[in-house]
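Note that the chains are named A, B, C and D in the order they appear, and that numbering of residues resets to 1 at the start of each chain.
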Amino acid sequence: MTWRFGLTEATFEPLWLTHWVLAATLALPILFGLLGALFSPRRTLPVALVCVPILLTGVLLLMEYQQAGLLRWQWQVAGVTVSLRLGGVSILMLLVTQWVGAAAALYTPGHLRLTNPGKQARWLWPLMGVLISALSLIWLAADLLTLYAALELMGLAAVGMLLLSGKPAALQAGMRYLLLALVGSLAYLLGVALILGYWGQLNLQALAEVVEPGPVAWIAAALIGAGLALKAALFPLHGWLTPVHESAWTPVSALHAALVVKASLFILLMLWNILLPSSLFAPRFVAWLGMLAIVWGGLVAWRSDSLKTLVASSTVAQLGYLMVAFPLIIGPDIPPLPKALAWEGFWLQLIGHALAKAAMFMAAGNLILATGESSLKGLAGTSRRLPLSLLIFGLASVTLMGLPPSSGFTAKWLLLQAMVMTQQWVAVVALLMGTLLTAAYVFRVFRYSFDETAPRHHYQPLAPSMDLVALALALAAFALGLLAHLPLALLQGGGV
Amino acid sequence: MNAAWLPLATLATSILAAVVIFLLPEESRRLRTGINLAAAVSKIILVALMVGRVSQGYQDTFSFQIVGGIDFVLRADALGVMFAGLSSLLWLCTTIYAIGYLEGAANRKRFFGFFSLCVASTLGIALAGNLFTFLIFYEMLTLSTYPLVVHAGTAKALAAGRVYLRYTLTGGVVLLLGTVMLYSLTGDHSFASERGLAPYLNDHRGLLTLIFVLLVGGLAVKAAMVPLHGWLPRAMVAPAPVSALLHAVAVVKAGAFGIMRIIYDLYGIELSVELGVTTALAIAASITIIYGSLRAIAQHELKPRLAFSTISQVSYVVLGVSLFGPFGTIGALVHLLHQGLMKVTLFFCAGNYAEELGIHRIDEMDGAGKRMPLTSIAFTVGALGMIGLPPVAGFITKWYLGIGAIQADMYWVVVVLVASSTLNALYFLPIVHRLWFRQGPAHGFGEWPKEQRLGRLETHGWLLWPAVFTAMVSIGAGLLAGLPFSPLDWATRVAIGEYLP
Amino acid sequence: MMTLLLLAALLWPLCAAGNVVWQAYQTPSARRNYFPLVWLTASWPALLLAYGGEAHWSIAAWMLGGEWGLNAISRPWLAFTALLWSVAAVHGRGYFVAEQAKAQAGDQNAERRLLRLALFWPLTFVGNVLLIIAQDIASFYLGFALMTFAAYALVVHSGSQQARLGARAYLILAVIGEGLILGGLLWAAGTAETFMLEGVREGIAAADHGAMMALLLWLGFGVKAGVIGLHVWLPLAHPVAPAPASAVLSGAMIKAGLLGWLYVLPLGAEELSPGLTLLGNVMLIAGIAAAFGAALLGVWQRHPKAVLAYSSISQMGMLTAMVATGLAAPAVWPLLLPGVILFAAHHALAKGALFMGTTISDHMPRWPKPLLFALIALPGVSLTGALAAGMISKWGVKHALYEMDHTYLIMLLTWAAIGTAALVSVCVWRQWQQRQQGGSNAFQWGAWLVALIAALITPLWLPLPEGSIVPPPLTEWLGIVWPFPVGVLLFVSVAYWLRKVGGKAPPAGDLWWLYSPLAAHGVKLAQAIGTRCKAVKGACVSVALAVEQHSMGQLTRLLSSEAWMRHHGSGLMMAFAVVVALLLIWEGMR
Amino acid sequence: MIASFNLIEGGLALCLCVAALACLFDRHLLRASCLFVVFALFMTLAWWWLEAPWLAVAELILGALLTGASLFYALRAYRPNGAASSHRANATPHYDSFRGSWPHGLTRALLALAWCFMMWGAIRFVMPEMVYSPAEHPLVMAAVVIAATAMGAFALHHHLLRRLLAFNILGSGVFLLLAGMAGTEEGAQALISVGLAIAWLGSLLGALLIRHLFLLEGKNALSLDSQTKEQPQ
């Protein structure tokens, strides 16, 4: 299974150009972020110009990957080996990160212009840059040290961004997030300590070769799992997620929900895959929690009165879909076909959710910004006045609901097919319940918005870029449903 | 020679129309009307082209791969083109009607945008070449009709929309489950495949039955079969053109059409009979037919009565599908078209009464025939057709269904048909009687609830002519059923293809 | 040429109907003539068609494949039907003069009524013609349905309380009849896989359940033909309908039911199944019962038209019995058929004349009264078989039965004629009692006279096959004539006796007054069930709502644990790690 | 020699444990912070002992100096003459008076115990020799105890500053464990250095937040009531 993560030998050495591209991929976001702090752009155009080279690096890496297949880098820095690899998953997630990041960046100037947050807004840019870099590093990293460093960097940057809005609620939520994230990483580190102590390996590929099931692997997996589950907001540990989004800025929420929690999940999946090659119960446990997450997140979102809470709780439920796929990907005795289906479904769901959730946060942010109210009741009559924002919300929610022809649907289809093939009927029911619950809370929004009886007079006009960016994201999530083979082809090419 | 562009272009016409309408500003009424009509007309032309191609024996197919083992397929086969023809024809009528109906109303952009999407979904359902593609458009239909149902934005409309979604989304989920299970069992299975699912019969009998129940159960929600019909009467709060479209082509027909696809093109009729599911389906359909009629009698408002009538009538299609034998099939297929024509007429008329005179209740309709003769004639034609009286198209259907039932040795179905006809007469004839034989405000007794003079004629021309046109087509489809390319002829062609491959 | 005539026969009445609508919008009501020449001549092309000879048309595009034809049955049928309609139309013009004057004076109601009648009259006629010439099921059913439902407008014409009652009875029974016919036709046609009436006939003869199909069809058409039990609409509808409408109802339209039998029942077929034979016997009994029962009830009626309606039931009962022999004793049928047609034609015209006669006594022209009433009674006398066409038609039936030695039937039919005579006497007597002067009109009595004469000379003009009409030999005259004087004598003596004793007459529509309370009870029962269901549903809904509310409350409480999870995130993480570790260890240790 | 080594190591371990426990369970915040600095100094010694001078320097600077400074900086918010004292006039500023319910404490204690056992179980396999002579590596044992207790304390406490302290001690425990098990090779050192840096950054951020929260809202714990408004109706 580890080949799926690109943890195998590469056929070709990376070209010298590729080294530079890699360096640019990792460094440019931070660099431009600092520039952003210096100049604090008020318009979309400069941001767009800056995004172009970053996106270009991603595209170059993609081309490189398609030509040469898996790529590996390894450096010795002061006796410590740092290794990176560019596999199918890596390049896919890298691209998603860059594009969603670019979308968030493009959305930001309009948002800042309309909200006038004050001085601290300029810190958003470097934090965003750090976040993107850290995320890119997480997708690329192939040893536990790099992963740890990137994870911490990402966590701190994320906390910083979430704190920027400066409201007391944000501070409190941020404090909780900070503490939990730090403790989570320590749990991870504890697990790494066991691994390092027992096998003396930090390199994932080498580790995968030497690892054998035993108490150390189990306990390390449990500790790592607990830490990362906390960071990834997996079901019973998700409590910090909603308040954080409640008061954060829209682009920050978008980035966070789309990518940050996914990164922890990705690490969790990868490490468990290495540590627990033949475990049945732990992935099952996660899957059960995932089912609960689907139902719970859906219920919370359904009963919530605030738009942002709704969107944030929906993340909990959506993560549940990913959790449910765990036993199919990790577990033993899964025939190859359902395994492959679940693998594809997992990533498609992850990508689709990333795009759609970002779009949804932006749409929700737009609605809240325009109406000046964050409750669902404040949406009355928006269908007439803000049709575009609502349409974006709708497109994104189609993906979240998993209705065709969105990527959510195709992903759900793949997962369902895998589950049916392996006779996991409870998971099937949970997935289908998820669709209904998602529909329930999404259409609650629409029900309020279609209400024509409450007339409103003043709406804050929105910057066109805000809607356009969100629309592009939502459409991308939507279109991936029918064009799913494009991203999934990348997954399959991962260094077979 | 495969003209893959043809089904794609047909589908794209209405999607493009929807996109353009969404892009236009709310105020540009003329341009929107123009685009609507142009798209509708061009779609009819494209469908006519497809009809020509199909009658020459081609099956134009457009397909591409989504993920491994799952394809997106649009195929213009005889059955699909039949449904596409119905939807494109009635789309034109309904669009014209809607333009007149929504004159001066708010949110027209949204309405027409989703209206076009709705029709696009219907067309996609018609042309879907496998179950996956079908499912895509089936769900799209659910989503695109929701804004239409809640269009009025009142509390009642919103509640109706909620109920609508509860039913249809649940149905969609069940359908999804069935589809996934089928794919897991058999892989991608095209509707055009000749071999059916018979090879799996020996090993997976129970599973096949279960999948069938799931698939048909999911579809039965849209087909409004008892006890899954609850959404339909509530959805009546939608504007008249929407009700017309929902009832005549889009939603309920999508369900019925889906059941047809499942039985004819997926399972194969022999296998379905072998599994014994057709009898169960026939019983369910019969219950629906009788129940719908009984409930219709109890209604005092026009649109709910029509809604329950729809519940009853759509199950005729299902009933016909479940009768083994060419006549039952022809009856089902032809009723798909005929019921569409007649029901759309009735809803147009109901809308006309409501718009022009403010009539919603049946006891307000006394003597409306004098005030609105053409509308009332159209209504009468539709009502008589629903009863199954010649020369309106409904008779043809009832005839074929009855004969199909006899041939399938299901004599009780004839009893159901006759009972249903009698019940239909019981709830439609009083309305007709009120229209023509009672004296009302037009004769100087009392006043209309809310009279408006919308046009030079009895009402606005945009409202009147679609109703008259569909009424005429309903009569024509019955009177000249023997003509080539008539609904009956085309249905016979499809049925022959089904039974004599 | 025949095709042109056919087109004219069908389209010309439609033109007449269209003309009515056109006039309604074009001509101001003060100058509007509701019965112009077009309207009067609406049925003439059909009459011509009947004399055009036999013909056959197939129209593939027509519904399920049109097959129309004029043959030995449909030609005479069309002839007498069209003739009666033509005469009745002319009569109607006279009959409605007063109403038209009212309408032109500005009476909205009269205007509306006349417009409706003028519109539906030709439509009903088209239906009647179509069902006669149709050889395929769809056209026949179309014609039958069109005639049935369009005639509703004729019955309900006056709009009075009784008229609405009569019309309702008519309509309800018509719907039931249509249902029965549809069921029977479907069954038979489905079994035989045919779209043709002939196929149905053969199919019923051959099918296993042929008797059931035939029963359905018999009852279905029997509604129109007034089979006993289903006849109740006749005495309710006839008195209230305008006289010309009554004439066509009783003369032409109830004959459509008879024609239906002739078309679909396997009459005279060889080797009929026992079930069909049994059905034939049942029909026979029903027919005889109707013939006698109607006479017994009819003599009590006050309204002359009600009396005539019962007479129609009685006559149709006889015809039913004759048709029944086609099943019960198939060998007779070929001989009997021309007699039946003649009987039907004669009855049609005679009954038409009698109904028109009721208006003559209402608006007596200044003729000598004895002459007038003799003329009024004349068709009735003919019906009893005492003279002219009646005698010939009676003989036509009788001699066929004689040949096959069905003496009981002959005897019964002869005795039934006593009833006919009594009914005619009652009718004339009632007319005499209710006679009124004035208001006479040339159209009115002219048409009446034409009908009368046509009735008397029916065999002369009816296009029956050669040699099928046999004048009775002199020796048989007495056997045919005697019921008439006996019936009259019976009537006189009973009337005399009754005048002494007194007594209450049974109401018109007899069984209706049994059916309607039953039906009302049934409806009440259904409503009660409906209310009960509604109550149950309401209870279910309220329970469901309560459950929902309760569960929502529970849910809210449950969701508050979200805050708990938030607060105990770190503890949960520790627990998570412990649980996963324990799971893994347990799994690994197994 | 070995015995003396063990003696020193044992003493160090004991001191670490005592300092950590005292720091974790002292309700007097100022004293607890001071105790933390002491603990950090012991940690420095421990690193020195484990022959990782760089780590010792890092611990001294990052752990003792900077983190301590951050903590005191946060504590200044609670000073009685501070601007925010009016909010909580009745509360003793440097004293955490929050009393949790006993099941709360019990579950945390049990969980901490469970973690202790879990880590111990793993260490048995990583360092098989410890099975026979548990006292061989007193620092590792101390680290297990410290880490588990700190984890439990982190979950137990409500006061933000105490949680921050618990986190820092937990971090030190984990680093110590890492060093004890994996030795002080470059990889482990790198991990610990990163961890130290992050811990300090986190503490700094946390201290800032604590100050802000107290000044803005007068809160020194994450309250439950802020969530009630998200509950429906």
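Keep this in mind: contacts are C-beta pairs under 8 Å (C-beta built on N, C-alpha and C of every residue); 3 or more make two chains touch, one makes a residue touch a chain.
As the structure is a computational prediction, the values presented were derived from the model and not from experiment.
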With contacts counted as C-beta pairs, which pair of chains has the highest total? A-D
How many angstrom lie between the centres of chain A and chain C, each centre taken as the mean Cα position? 77
How many Å are there between the centre of chain A and the centre of chain B, using C-alpha atoms for each centre? 42
So how far apart, in whole Å, are chain A and chain D when each is placed at the average of its C-alpha atoms? 31
CA centroids of chain B and chain C: separation to the nearest Å works out as 36
Enumerate the residues of chain D that touch no fewer than two other chains. 118, 121, 151, 154, 222, 227, 230-233
Chain C residues counted as touching two or more neighbouring chains: 556, 559, 562-563, 566-568, 570, 574, 577-578, 581, 585
Could you say which residues in chain B touch two or more other chains, in rising order? none
Which word fits how the chains touch one another: line, ring, star, complete or other? other
Quick one: which bits of chain C touch chain B in the complex? Just the residue numbers, please. 59-66, 108-109, 112, 116, 137-138, 141-142, 145-146, 149, 153, 156, 171, 175-176, 178-180, 182-183, 186-187, 189-191, 193, 530
In the complex of these two chains, what residues of chain A are touching chain B? 344, 383-384, 387, 391, 394, 398, 403-405, 409-410, 412-414, 416-417, 420-421, 428, 432, 435-436, 439, 443, 446-447, 450-453, 481-485, 488
Can you list the chain C residues touching chain A in their complex? 555-556, 558-559, 562-563, 565-570, 572-574, 576-581, 583-588
With touch defined as at the start, can you tell me which chain B residues reach chain C in the complex? 298, 327, 370, 388-391, 395-396, 398-399, 402-407, 411, 414-415, 417-419, 421-422, 425-426, 429, 436-437, 439, 443-444, 478-483, 488
Chain B residues within the chain A interface of the complex: 22, 65-68, 70, 72, 106-107, 109-110, 132, 135-137, 139-140, 142-143, 146-147, 150, 152-155, 157-158, 161-162, 165, 169-170, 172-174, 176-177, 180-181, 183-184
